[in-house]
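The following block contains the structure, expressed as structure tokens.
A, B, C and D label the chains in the order they appear, each numbered from 1.
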Amino acid sequence: MSKESQELISKRAAAELQPNSIVNLGIGIPTLVAKYVDSSSVYFHTENGMIGVSELTSEDDFDPSLVNAGKLPISEGIGASYFNSGESFAMIRGGHVNVAILGALQVDEQGLIANWAIPGQNIMGVGGAMDLLSGAQKVIVTTNHTSKKGESKIVKKCTYPITSLRKVDLIITELAVFEFSGGHMVLKELMPGVSLAEVKDKTEANFEISDSITILC
Amino acid sequence: MQKVKLVEEVINTIQSGDILMVGGFGLVGAPLTLIDELTRLDVNQLTIISNNLGEAGKGLGILLRQGKIKKAIGSYFTSNREVGDFYNQGKLDIQLMPQGTMSESIRAGGAGIGGYYTKTSAGTELAKGKEVREIDGELYVLEKPLKANVALVKAAKADKLGNLVYYKTARNFNPLMVTAADYVIAEVDEIVEVGELSPEEIVTPHLFVDAIVESKLILKKEGVVSK
Amino acid sequence: MQKVKLVEEVINTIQSGDILMVGGFGLVGAPLTLIDELTRLDVNQLTIISNNLGEAGKGLGILLRQGKIKKAIGSYFTSNREVGDFYNQGKLDIQLMPQGTMSESIRAGGAGIGGYYTKTSAGTELAKGKEVREIDGELYVLEKPLKANVALVKAAKADKLGNLVYYKTARNFNPLMVTAADYVIAEVDEIVEVGELSPEEIVTPHLFVDAIVESKLILKKEGVVSK
Amino acid sequence: MSKESQELISKRAAAELQPNSIVNLGIGIPTLVAKYVDSSSVYFHTENGMIGVSELTSEDDFDPSLVNAGKLPISEGIGASYFNSGESFAMIRGGHVNVAILGALQVDEQGLIANWAIPGQNIMGVGGAMDLLSGAQKVIVTTNHTSKKGESKIVKKCTYPITSLRKVDLIITELAVFEFSGGHMVLKELMPGVSLAEVKDKTEANFEISDSITILC
């Protein structure tokens, strides 16, 4: 994905975060969201056992024992605290994390997500994805609209193994923002310069179009 | 009781066929000295419960190359691509668990819980063959406790009784694993006198710890180095 | 977000029919100021989850006399002999739980666990009507999570974000109850600025706490006194 | 029970504790055991959330927020630590407490114990007794041999509600010490000045007599 697309998606996801919310960021694009948020008003939780994750101020000035779930160095925000992995996932499963922002291989028109396994390949990792889907109050998917091969990642029905029975709440791509409401997938926003025709063309899933559709700029 | 021991001495507690828990999230909070010593121990057929299996040829990845590991139980083996090769060649059995389920099952093992229901993984491939139950209109999966013969953990400091405190995100699985093994070896960067740790700051009370060793290998910016 | 509130203001969160968790082991670690304020609140039909119901006419024992409590869930009501009287008169429903099961069920409620198996109480009168299951040759009882509308807890200190630290054995049920209620009010003896508590010493991270009030009543050698 | 009997029982129970063991003391006689043990070598666990309980040095010098499971003031030994009730019972249920010393209403010849409820009376408290029986590695019962009415508390079969399916390991009374081995109750020791005839007379349960029976003095 282009740097511009990543930035576009991350910024849009950042705008979704309410002040004082507890947010868990997945690996990849989700991690970038932190750059666009005032970390003194949003509290980042990382499943390896910390709340109050803050961005590194310098790439050289890091503590090798202070990392996020992607094993990348981070720093400690004011008011931060540490806990063990069991307590961390108790927070997640118990519904204490307000928002999880996750990447996806596929999301389908029901809101089911596949983001951990590819059919025909060894399944070697799952990490915290299933727990975050089980427990986070709101799940936002940030993803490229299409795969590297050009296939739509917003599909009618996931063909990859699903991550959870829980349906996601919002999808943000470089082309559009979809919301799930009342069991329907609804196109809510178009990214700057994107036409409805392009979104229809690149989306396999059936979706409704919001009456109040917004064109971001 | 003298809990402070030499690495070379205490590593012999581990026997072929043992189930081991090994702390750490990647290299962070991993008992690097104990893992290193384990690569020199003549054992095999080990079951390793750890979030990862190190990286290719590093940490637990060395044990894998040595053919000492029969089975790996963890949540994210993707960081060592040789794990897939060993699995494909039928040399390694894999039990992949969601990270929250893995940590909760270790806690259950240490806390005398016979099993528990979680929504995590319900309806997915990881729930195959597991008992599913509807509770308040939602599907839950029955998960079992995990226990081990020996746990190798890392902490920042121990007092000579075995009370432990941890450092930042190096805490991770360590305080759970100390509760769920018959014999617990804690590798620490500093050993202090009893009474030097504040009773309120102690994270792991000494009753969980059987042996304490001082670390020789530690994680620095430049990687794993001698202390 | 301003979490620091006045007792008189925040107590109104509680409504008739609510399920409340109240921390403390007897008076130790009990939110004395909040309980006192609750006795002046016009509510009834409360379900109270707490280890005890205070003593006769003291603490939660006042609420009992006031007829505000419909049901009590706890492990040891013997310390207030009026509990038995209310029960005999059909004015109070009692759910007695082993103390370990009570604390584990609160943890389960906060940790998204749908149910768990424990050996505790298997084969006894307290297991009557509960599902029993044989696991590895031993009998286990299925226990359910406990949750509440509001939790009233006591801590030693809070920072203004809501991070909490506790004092000695006044910790008890408090760190569990903060995880298992929709709205959590922490009564503390001291409120400090954010950053004054060490990240390693924080026992309850702020995400669990909705409101902080400063205590007016505290436990001293001579009993409960104004601060 | 007389002070002498209490002292006799507590001292005998204290002698049972191995150095460095983790011990939980119930309310009543069990609490007295601490007086006869070097608390720098035995670590007392209390279920309200502490390990390293130490005796008060003066009755006036106490901290009202530092109590044991009987809500009595205690002090903090060197190397002590605190934890919440859930963690405390996780230690108990998980088998991390070496010895629990408990009082009893009845113990029967199978080793089953009743110590929480009396038939016909409201059952208003259970506390941690059931958990300690489920989880402690060794359970020692310290009790008067007979009730206030003179009835044997060492019975053929508990008529009071049992506390657990788990059988106790040792019974210490002011008259004798019984051990359970291979499913049998075995008289192991007679207290000073007590005759075998007296023990037989005051014990409803059937018991075997150890070949190596000891007379304490």
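Keep this in mind: contacts are C-beta pairs under 8 Å (C-beta built on N, C-alpha and C of every residue); 3 or more make two chains touch, one makes a residue touch a chain.
Source: prediction; values computed, not measured.
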More contacts between chains, A-C or A-B: A-B
For subunit B paired with subunit C, centre-to-centre distance based on mean C-alpha positions, whole Å: 33
Centre-to-centre distance between subunit B and subunit A (centres being mean Cα positions), rounded to whole Å: 29
Cα-centroid distance, subunit A relative to subunit D, in whole angstrom: 55
Intercentroid distance (Cα basis), subunit C paired with subunit A, Å: 36
Where subunit A touches two or more other chains at once, by residue number: 76, 82-83, 89-90, 92-93, 134-135
For subunit C, residues that touch 2 or more chains besides their own: 104, 107, 111-113, 118-119, 166-168, 199-200
Contact pairs between chains, per stated definition: A-B, A-C, B-C, B-D, C-D
Interfacial residue positions of subunit B with respect to subunit A in the complex: 25-29, 51, 75-79, 83-84, 87-88, 94, 96-101, 103-104, 106-107, 118-126, 139, 166-176, 203, 219-221
Of all residues in subunit D, those that touch subunit C in their complex: 46-50, 62-67, 71, 76, 82-86, 88-90, 92-93, 117, 122-131, 134-135, 161-166
Partner subunit D, residues of subunit B touching it in the complex: 1, 107, 109-113, 159, 161, 163, 179-180, 194-195, 199-200, 202, 205-208
Complex interface listing, subunit B residues touching subunit C: 104, 108, 111-119, 133, 135-136, 138, 140, 165-168, 199-201
Touching residues on subunit D, where the partner in the complex is subunit B: 19-20, 22, 43, 45, 51-52, 76, 78-83, 89-97, 134-135
